[in-house]
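Chain IDs A, B, C and D follow the sequence of writing; residue 1 opens each chain.
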Amino acid sequence: MKMFEKPLTRGLAVLAVAGVLAGVCLWGIFGFLRSSVPTVDFSKTAGPVNLRVQTVAALGFGPHPTWVSYLVKDPAGAWVHSTIWQLPADRQINVTVEEYDSGGALRNNLWGGITGTLDSQAAINGQSTAVVDPSAGNGIAHTFNVPDLGLNVPLYGISSKAKNPCSAAPCSTSSDHNTITFSFHTPPGAGNYRWQCFIPCGLSYLYGNGGPMGAIGFMSGFLKVVPA
Amino acid sequence: MAAATERRDGIRILGVWLVLSAIFMPIVYFVWGPHLPPGGMSDQAAGQRFDNRVLGVVATPVVLLVCTFLVYALLFWRQTGEEIEDGPYITNKVKFSGWWVGLTTFTVLCLAVFGTYELENNNGAGTGSGPRPIFAASGPMLPVQVIAQQWRFTFRYPTYGGMETTSLMIPQNEEIQFNVTSLDVIHSFWAYQLGVKADANPGVNNIAFVKALHTGKFNILCAELCGLWHGAMTANGQVMSQASFDSWATQTEAQEAPVTKLLPKYSTVYSPDEAGAGGNYYGSQYPVNP
Amino acid sequence: MTDVAESALPPIPADAEEGLALSAAIGSIWTGSRLLIGACSFLYAAFAFTFFYLRSLNSYGRWHPKAQHPSLLIGTAATVALVAAALLHYYGLSRLRHGLNLDWRVAGIASLGLGLLSAGLQIYQLTRLNFFPGSSGYASVFVGWVPVHVVLLLGALYWLETLVARSLRVRNAWHGQGDLGGSVTPEATRLRASLDAFNYFFVFLSLVGVAFWFLFYVID
Amino acid sequence: MAVDMSNAVGLDVPAAEQVPGSPGELPPGRRRGFRLPSALGPGIPRALVFAALGYLFGHWIGNLIAAGYSQVTNSGSNNAAIILGYLFGTVGWIGGMGVLTYPLTKMTGREELLAPQRSVGPGRYFRYTLDHKVVGIQYMVGMIVYFLTAGLLALAIRTELLSPTNHVFGPGVYIEVVGEHGTMMMMMMTSVIVGPFGNFLVPLMIGARRMAFPRLEALSFWLTPAAYIILLSSLWLGGFPTGWTGYAPLSVQAGRGMDAYVAAFGVMAISIILAGFNIVVTVINLRAPGMTWGRLPVFVWGVMTTSFLMVLATPVLFGALYMLGLDRTIQTSFFTDTLGGSSYLWENLFWFFGHPEVYILALPGFAIVLEMLPVFCRKPIFAQKVAIAGMVGVSALSFFVWQHHLFDSGINPDMRPLFMLTTELISIPTGFIFLVGMGTLWKARIRLTVPMMFAMGFFFNFLLGGISGVFLSDVPADTTAHGTFFVMAHFHYTIMGGLIFAFFGGLYYWLPKMTGRSMNHRLGKWNFIAMFVFFNSTFLPLFAVGELGQPRRVFEYAKRLQTLNDWVSISAFLLGFAILLFVINLVWSMIIKPVRSPENPWHSRGLEWQTTSPPPPGNFDRIPIILAGPYEYGKPDALPMSDLVSRTSPVAAAAATDSERTI
């Protein structure tokens, strides 16, 4: 311990320790806590934005391969695992959802009604409807719901006995799926609008709302509306 | 200790305190009081504001007493310089301590009686009062069910065909009974301007009453941490005149009919397994699988 | 503690400190065991509260479906074994106070065996349940309480084991001075204080066992 | 606890007969057979290795048991494996520190009467040691690390709240940070006085050479680093979304990070129980001759009442956490209403612990401040019995108020008037503390030193905290205030403004005792001023923010509240700098350029100042005889507190001739 007898050396040692700690903190903040789902930007295109998303029963990769998730096709045409989508303000958005998950019951059947789309309707495999009954047919797999825009679209599920279910994301249209299309208008002002699914689809979490339902990037995210 | 009392410290502190209290207590009650939250939009909110005013008036002299004393002590009894001098040897003044204990006890008991009276007299004061409230409003009232789920509030009107909406409309000057329940974890239904707060518990019907006095918009927030989107779990509400509420309700009932058809029968609580919608946390060996 | 306010007593001589330390040690053992019982009481009280609270709420009528029952035979046997162990140790200790060292040693070892039997039976009972842990409120409380009780019981048995082991080890060394029951050395005094403390705690555990036996098998 | 019982107080072995080596290690003469090199002996490196091995072992067992269940495969999280991993990891950690050697040896009937650790040098602070003074310092450093970590997390919270809608961290990470901050602060605040000052000072103040159960004392400290690491590791597992209160159906639903909450809080609960247990027994049994209950310093009274609460209330928390752990692992249904449980159960159990916990955080603050006041007023404490009655009254009442956290919940609504009454009654004994404080200040000779400044700050902050509590106890007023930033400001005023101010005051006051080095007073003064100003500037507006409608723990809020929130955030950063000032002072005065402190810098009568600073291994040359109370200032014929100073001891001489002003 002789080398620590001078105040200067002790001071330098303390500074070194402080530097290391500050480094750890900075890494913790910027390398870990600040890291989040990537934002997919659709605001650069002109005219109505065509948004193509898919919902899959199990992601098949990453730290949570068994979780259900949304994926989105970025402007370059690649499927991206992200739920933060940047959209231009005051623009029509045409959404096409490829739904690969099996359906079931809703926790609150109110979310079977379609609201907030351009004509308060959505097309399931080409057929327009205003209400999807969760207890009829295959039931509902997920919903796309943006509370602040009043938007709610239930996504009709595939049969649980489907012969060719998709096993890993991104799924190709050769697997069993439903296609749901609808359009909505983004508000004129900028803002972050959260969206989420309202079906208890976090399997094996109490009330089905943990896991993918409780983490951004799977069953919920933001619509980042920016001025065009 | 006699030598040190040339200054009549006690009288001076008392004087300053009384003067300050005489100034600030009316200010708190009459100037600040009418602007205290949560405002006067409903009977209950006005009652809470009244409580805040009264408590503010009671608190003012207490704060002033301690602050006056501390400031006075630091101004007049402070010792600087090298010499260390001992103060007077006072270990207790039983009379003074007795007065203090007596006065604080009296004040506190008064406050408890006041709080109980306000709670009882204001139909439960807008708080969630359980499934069988004892401080309940009587007479005709409009039942509205508040359903909380992760992470949205919806509202159900059993007297209008059991329709369910995403924003809360209530009529003016009518007693409303909120039946608050949750479909999953604990939330708390807070209609800020109405002065209503009631926890939404799974499997529990928590009742709160309100009577709105003025028309206008109000905010609904979740006041109990409920997970990821707790901060964004808000809804809009509006107090309408009786006539416009009636026309809104009949119109919405007709418009919502196709969706209302899907809803389960109105009930005070909704068990998660009714429709089989749960996460299957409890496996298939269990009678229900929430 | 003597009051020596006004008289300037001579300072405490160094060899008197030993006596102070001994009385402090014995007092600490006494206080400690009572405080331990206090802390454990609050832990058990949490379970008793849970039992009565869930029972009174009986939410969705699922406090206790009648078909769900842990084995009465095993449960009773475990409780009886525990009570017997505590009583045996209590009796052994009273014999020790009369100077009968061997009696306590035999009682201690037997009590250890009975205690282990009780713990083993309770664990065995958990593997023989006709219900799943979450089947009802009752099922949860039962499945939750038994491991707590077993762990505290095993802790007590560990304590007893150290006492028995110590008493066996010092048997020869203290033999001439009256052995465990009669030796006046500080260490023997402390060991006896620890025995008393343990006895108190063990009786407490057995009473808790009986109380919860009533909850689980009689009150339901 | 049974572990230590029969060796409660080992006799002090004279220096000549001391056993070398650290406790937890057999003395050389008794070692048999193969001996490990010393680098592999008890200590932090071995503990880390054992902890890692223990974690892996527990994880493996958990996977062995539970990996096949569909709940585990579907959700992708095996909670049993994680909790078992943490438990075995903790056992490995304390085993590696050498805690388990003695209890295991004891099973063979061997008894080691080890002397308190007499080793010198900085190494002893990193070891399992039986010297209460070393444990006190360890606790002090440990709790400061806890405080600074959780404080940084608080700054992260305020950063996110700079904007109502734009997000720095996003909702998920924000909730994790909020939970980490709250839990870590709560875990730390419980031990922040009892750990450092309780362990270090109680024996010195009651005239004892040691604690009653030094092994439990050391264990209680060495559990805290484990709890710290477990709690922080939660972030790596995805955090927990419930805040420190862990409300039940949500905490059953939450992901793997919740397991870290359960394990860390559980480990800390054990540490809290052990620490309190040791102190209660010590105060009751190890007082020096003549130390009657009437002469016992107020600080010791405060720490003892706190310790009683810790021992009695914390088992309930442990029970609740255990139930939560079972719900999460073997799927019991304590908190699931459809299967016979109830979400109300957690609220009741948690707050039955939680409210005494709140007073665990308040009482030591009272104790420190009331201990310092007479010294800097040069007057006896006013109505000491009233102060003690206040502390005892607060602790007794604290068990009967818990449902005031649940006024809106719908639990027992008919009981609300009762809980309103008990809650308001508790302000009577709290008022006693103010009576005593003001009575002591009455016509005093106040010396405004740095510790005294913190004491004054304490009174002001606690006044506002206490008064705002009256609004919360009133059911109608609580309707708006409940669950908002008003509550948050209220308990930050009592905990941060109360306890932490008292803690800092206590550090400035007692660090010269604990280390023999004094803090820089000029820097200390600035530290106090900055802390006081920015603390109030941070938390006073939050009362308004809450009453204006902002719930707690939200990542988004109304745009109209942005100005207030920004003001608060900026003040919070400045408050952070004020605390950085303290850290700089601490590091500078203790490590970089230490200044030797006078033996009794505050000219206190207290027994703890009647030995050298830092005290020698046995605390006193001999056990003192207590001759008078500790606060007999201003009484000309007062005897010194003990017979240690009546003769020409160096301490007394130093106190008498010390003309060096330290202010």
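Miscellaneous remarks
In this text, a contact is a pair of C-beta atoms (placed from the backbone, for glycine too) under 8 Å apart; a residue touches a chain by one contact, two chains touch by 3 or more.
All of these numbers come straight from a predicted model, not from anything done at the bench.
Here B-D and B-C were compared by C-beta pairs in contact; the pair with more is B-D.
Relative to the centroid of all protein Cα atoms, the closest per-chain Cα centroid is that of D. Centres computed as Cα averages put chain B at a distance of 31 Å from chain D. For the pair chain B and chain C, the distance between C-alpha centroids works out to 47 Å. With centres defined as mean CA coordinates, chain D is found 30 Å away from chain C. For this pair, chain A with chain D, the centres built from the Cα atoms lie 42 Å apart.
Along chain C, residues 59-60, 62, 132, 134-135 each make contact with two or more other chains. In chain B, the residues that reach two or more other chains under the touch definition are 184-185, 202-203, 227-229, 232, 271-272, 280-282, 286-288, 290. Residue positions 194, 202-207, 209-210, 214-216 of chain A each touch two or more of the other chains.
Interchain contacts (touch definition given at top) occur between A-B, A-D, B-C, B-D, C-D. Within the complex, the chain D residues that touch chain A are 70-77, 121-122, 152, 156, 165-173, 177, 235, 238, 241, 249, 252-255, 336, 587, 591-593.
Of all the residues in chain B, the ones that touch chain C in their complex are 203, 271, 282, 285-288. Those residues of chain D that touch chain B in the shared complex are 69-71, 74, 171-172, 174-175, 241-243, 245, 247-250, 252-254, 331, 333, 336-339, 342-344, 377-386, 406-414, 416-417, 420-421, 424-425, 427-428, 431-432, 434-435, 438-439, 441-448, 456, 459-460, 463-464, 467, 470-471, 473-480, 482-484, 547-549, 551-558, 603, 632-635, 659, 661.
On the chain D side of its complex with chain C, the touching residues are 1-3, 5-9, 11-12, 103, 106-111, 208-209, 212-213, 273, 277, 280-282, 284-287, 289-292, 311-316, 318-320, 322-323, 326-327, 330-334, 336-342, 344-345, 348-349, 352, 622-628, 639, 643, 646. Contacts from chain C toward chain D in the complex involve residues 1-6, 8-9, 11-12, 14, 17-18, 20-22, 24-25, 27-29, 31-33, 35-36, 38-40, 42-43, 45-47, 49-50, 53-54, 57-60, 62-64, 132-141, 143-144, 148, 155-156, 158-159, 161-170, 186-187, 190-191, 193-194, 197-198, 201.
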